[in-house]
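Here's the structure, in structure tokens; my notes come after.
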Amino acid sequence: MTLFELAARLGLECRGEDIELKGIGTLEHAGPSELSFLANPKYAEFLPKTQAGAVIVHPEYADKVQRALISMQPYQDFGRALQLFAKKKGVFQGVSPLAFIHPDAKIGENATIYPFACIESGVVIDDNVVIYSGCYLGPGVHVGSRSVLYPNVVLMDDTHIDEGVIIHAGAVLGADGFGFSKTEAGIEKIPQTGNVQIGRNVEIGANTAIDRAVLDSTTVGDGTKIDNLVQLGHNVRVGKNTFIVSQVGISGSTHIGDGCTLAGQVGVAGHLHIGNNVTIGPQSGVAKDIADSSTVGGSPAVDYATFMKTLALMPKYPDIFKRLSKLEKALAALETEQNEREKA
Amino acid sequence: MTLFELAARLGLECRGEDIELKGIGTLEHAGPSELSFLANPKYAEFLPKTQAGAVIVHPEYADKVQRALISMQPYQDFGRALQLFAKKKGVFQGVSPLAFIHPDAKIGENATIYPFACIESGVVIDDNVVIYSGCYLGPGVHVGSRSVLYPNVVLMDDTHIDEGVIIHAGAVLGADGFGFSKTEAGIEKIPQTGNVQIGRNVEIGANTAIDRAVLDSTTVGDGTKIDNLVQLGHNVRVGKNTFIVSQVGISGSTHIGDGCTLAGQVGVAGHLHIGNNVTIGPQSGVAKDIADSSTVGGSPAVDYATFMKTLALMPKYPDIFKRLSKLEKALAALETEQNEREKA
Amino acid sequence: MTLFELAARLGLECRGEDIELKGIGTLEHAGPSELSFLANPKYAEFLPKTQAGAVIVHPEYADKVQRALISMQPYQDFGRALQLFAKKKGVFQGVSPLAFIHPDAKIGENATIYPFACIESGVVIDDNVVIYSGCYLGPGVHVGSRSVLYPNVVLMDDTHIDEGVIIHAGAVLGADGFGFSKTEAGIEKIPQTGNVQIGRNVEIGANTAIDRAVLDSTTVGDGTKIDNLVQLGHNVRVGKNTFIVSQVGISGSTHIGDGCTLAGQVGVAGHLHIGNNVTIGPQSGVAKDIADSSTVGGSPAVDYATFMKTLALMPKYPDIFKRLSKLEKALAALETEQNEREKA
């Protein structure tokens, strides 16, 4: 693809001569036939030295490079350019005779099923689905069209995946929720008889675990993106277009709204209601309901402004004790003086 | 099953006419031929509107529903009812010719082994065990009767699993512990030559990792329940009937007693002794031994009452600085006055 | 092996008569034909009661045991002894006809490939590599000589593994980084077109996830050891000989230096620079760059001395409020007295 062709496809103004582009690289490493981009001003220092053939930049940087694709949203346009250059993952095609597919499973048109996938009775796989090696699809599982299951993904029985979903390697959907009751006879398992339902265009990270519901469904709404090593307990419901970053844990029966962001390593207690457009800072511990459009931080999590104020005060805490001691001495001195004067 | 039959099997009093029951649902979603339950008073608001054919309730709610199964322990009885309705997971039966089973492995009666399981030399699998696709059982592994290994479970060499154990998908038992020594030649690996031993009726969550011991065994006692994405380091010993919630990490050589509960995302340092019946609050960081029957919270974890008191004071901290400044000014004023009077 | 032979091979002085040694055990459990060791003084209490045939000990303990191998570094020498006694894991040999290997993949001399491994086009596997069952190696993957991939390891396309690397079961390298852009049309995925590069003699724990770069590479330097359930985001770069303990999460584009130690459950924000020889305490949350040779703790992480001072003061916080109230009352009393005197 040439630079001018790319500019036309992205609808961006181009400054400089046309060249052939063979790929995309960072400012630091891109070569003269590669495109690069500047989105985070932190990396502007690389601009003067870059070898990149052309750079997607905000107008204010357009003069700083030999060839510029001028964009008001360089990161988004970089993402769009990358889609044009990205190569397809995996090379296997068709349904492998080395997969185990139960005779009554229904496989759609143009599906790809790798060797050593195991597909049980009653599974329905729609068109253009890709299922890598080592995946297990339990009885009654449904995978919507264009979805991709990377290697060793496990979908336990009755899991329902909508269209355009990406599930990264090793993720487990539909394992039993953590439900037990203590009886006189000991600890009894509560059978987990619900399922997991994943909406359209959801992405789920590597080695993430989403438990099946005890009854009804554990659900993830359309467009939500979940990172690696995340835990969603039984009967959790996550809304639409929400981001859940790596190593977050959400306890059973908690509902998370639409448009939220949960930063890395957040923990949320069970049976809570987190509203829409809520942002939760990294490592926070959420123990209470959170209203729509709130931003919270800390463990236990509080309003973010309060949290930041508390953090800002922390370095001053040791000083408190010095100030208290000084006050106590001065006051004692005054009292002594007073007493002596009274005696006099 | 009819409602009256169910009442008889559970030994519960029934109010209302008999009906046919086809399943179990939540108060919110159950239909007229489904059973439901009320265990957490938080959900009592759904009672007047439920369509459920019958509801397991505490006596105080018996009048609020059309048909009631009256229970002093609604959650336990719901669990027992669910066991009567739960359908078996998976439909594969027998030993698949698509599994790899070393000729000297011993497979018990009525065992189920899915395609693409890999079972090495010297493995012993007892009666009625179920091993799903993608599991690996290393040399010398022993799996006790009625145990279930869900897909892609890995049991490295010499792992010993007792009877009635459930291991969810992707769990890894017996990987090497994290043991190295720094020498002049660089970082040397300490071979991890012990194993992992799991007691009766233990349940282990999806993608959990339990490392083999450097010497002797990493052990989990009878009846203990471990959630998803938990980490147990080498030579950890967990007692009986202990609950370890999701994303907990326990460092090497730490011993956890019987009847404990470790809430989500707790971290415990190495070489510690945690007593029996200890409860550790969510996200706590445990850096010291804990005596029997303690409840602790915070990072570093302290006695729970102290932890809660500290949390309750936190919102008042910003106020400290205002009070200190006010005191300092007032005291300075007094001192000035005093000095002036003395001069006068 | 006899005790005297072992002493010769380790280059250690031996006290006591020669015996046959059949294995290694802990002081608590070793029998009369087993070797043991004392490295952590915490376990010295087991010395008088041990049944071990011989013990590797520091000179100060040499008189306390029947037979001693005297060492200035008992833990390192225990590790070396263990290497002499450790048995090889796994018994399968050669390339299984039950593996799927693309015809144009190149397999080195003396490689072991278990059943149900799936190896795509363009993969290069060097000599003496061991690949267990259920592993997936995507197009263009390269595995250096003597490396071991335990069961169900996933290496997505173009992952590069150097020599002598150990990857434990269920680890996923090269899944897509968590990269999206919010556009007017909704959330768009940023294709992740870089790869993962792992240096020599690295060890990676079970169920750990290391994401591929958006561009360029996510890299782990020679000799670095990563524990279980760790998350490395896209474009993270980790230096040489660094230890990353279980459940640590490192966000995208952060660089970690050489010789660092990140304790369990640490979280590090994105786009940061962590210097060489940095130590980060357990559960810390790192939100800023850290200079070489620093030790930090807490969330947000601060200099360790400051962190410890803050922790030490915490139990005194409730006292602050009592002292403040007392001061306020005393001061009010003084002021009242003053006012009365002035009136008089």
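Letters A, B and C mark the chains in the order given here, with residues in each chain numbered from 1 onward.
Here, contacts are C-beta pairs under 8 Å (C-beta built on N, C-alpha and C of every residue); 3 or more make two chains touch, one makes a residue touch a chain.
All of these numbers come straight from a predicted model, not from anything done at the bench.
Undergrad: Look at both sides of the subunit A and subunit B contact and report whether the same residue positions are involved, with over half shared, or different ones.
TA: Under half of the interface numbering overlaps between copies: different.
Undergrad: Which angle of rotation, from 0 to 180°, maps the CA atoms of subunit B onto the equivalent atoms of subunit C, to the nearest 5?
TA: The best-fit rotation has an angle of 120 degrees.
Undergrad: Taking each chain's centre as the mean position of its Cα atoms, how many Å separate subunit A from subunit B?
TA: From the centre of subunit A to the centre of subunit B is 24 Å.
Undergrad: Where in subunit C do residues touch two or more of the other chains?
TA: Touching at least two other chains: 116, 134, 152, 170, 207, 229, 247, 265, 283, 299, 317, 320, 324, 327, 331, 334.
Undergrad: In the complex, go through subunit B and note every residue touching subunit C.
TA: Checking each residue of subunit B against subunit C gives 100, 102, 116, 118, 120-121, 134, 136, 138-139, 152, 154, 156-157, 170, 172, 175-176, 178-183, 186-191, 193, 207, 209, 211, 214-216, 229, 231, 233, 247, 249, 251, 265, 267, 269, 271, 285, 287, 299-300, 302, 306, 309-310, 313, 316-317, 320, 323-324, 327, 330-331, 334, 337.
Undergrad: Provide the residue numbers of subunit B that touch subunit A in the complex, in ascending order.
TA: Interface residues on subunit B, with respect to subunit A: 24-26, 28-30, 40, 42, 73, 75-76, 78-80, 82-83, 85-87, 89-92, 96, 98, 114-116, 132-134, 150-152, 166, 168-170, 201, 203, 205-207, 223, 225, 227-229, 241, 243, 245-247, 264-265, 282-283, 299, 311, 314-315, 317-318, 320-321, 324, 327-328, 331, 334-335, 338.
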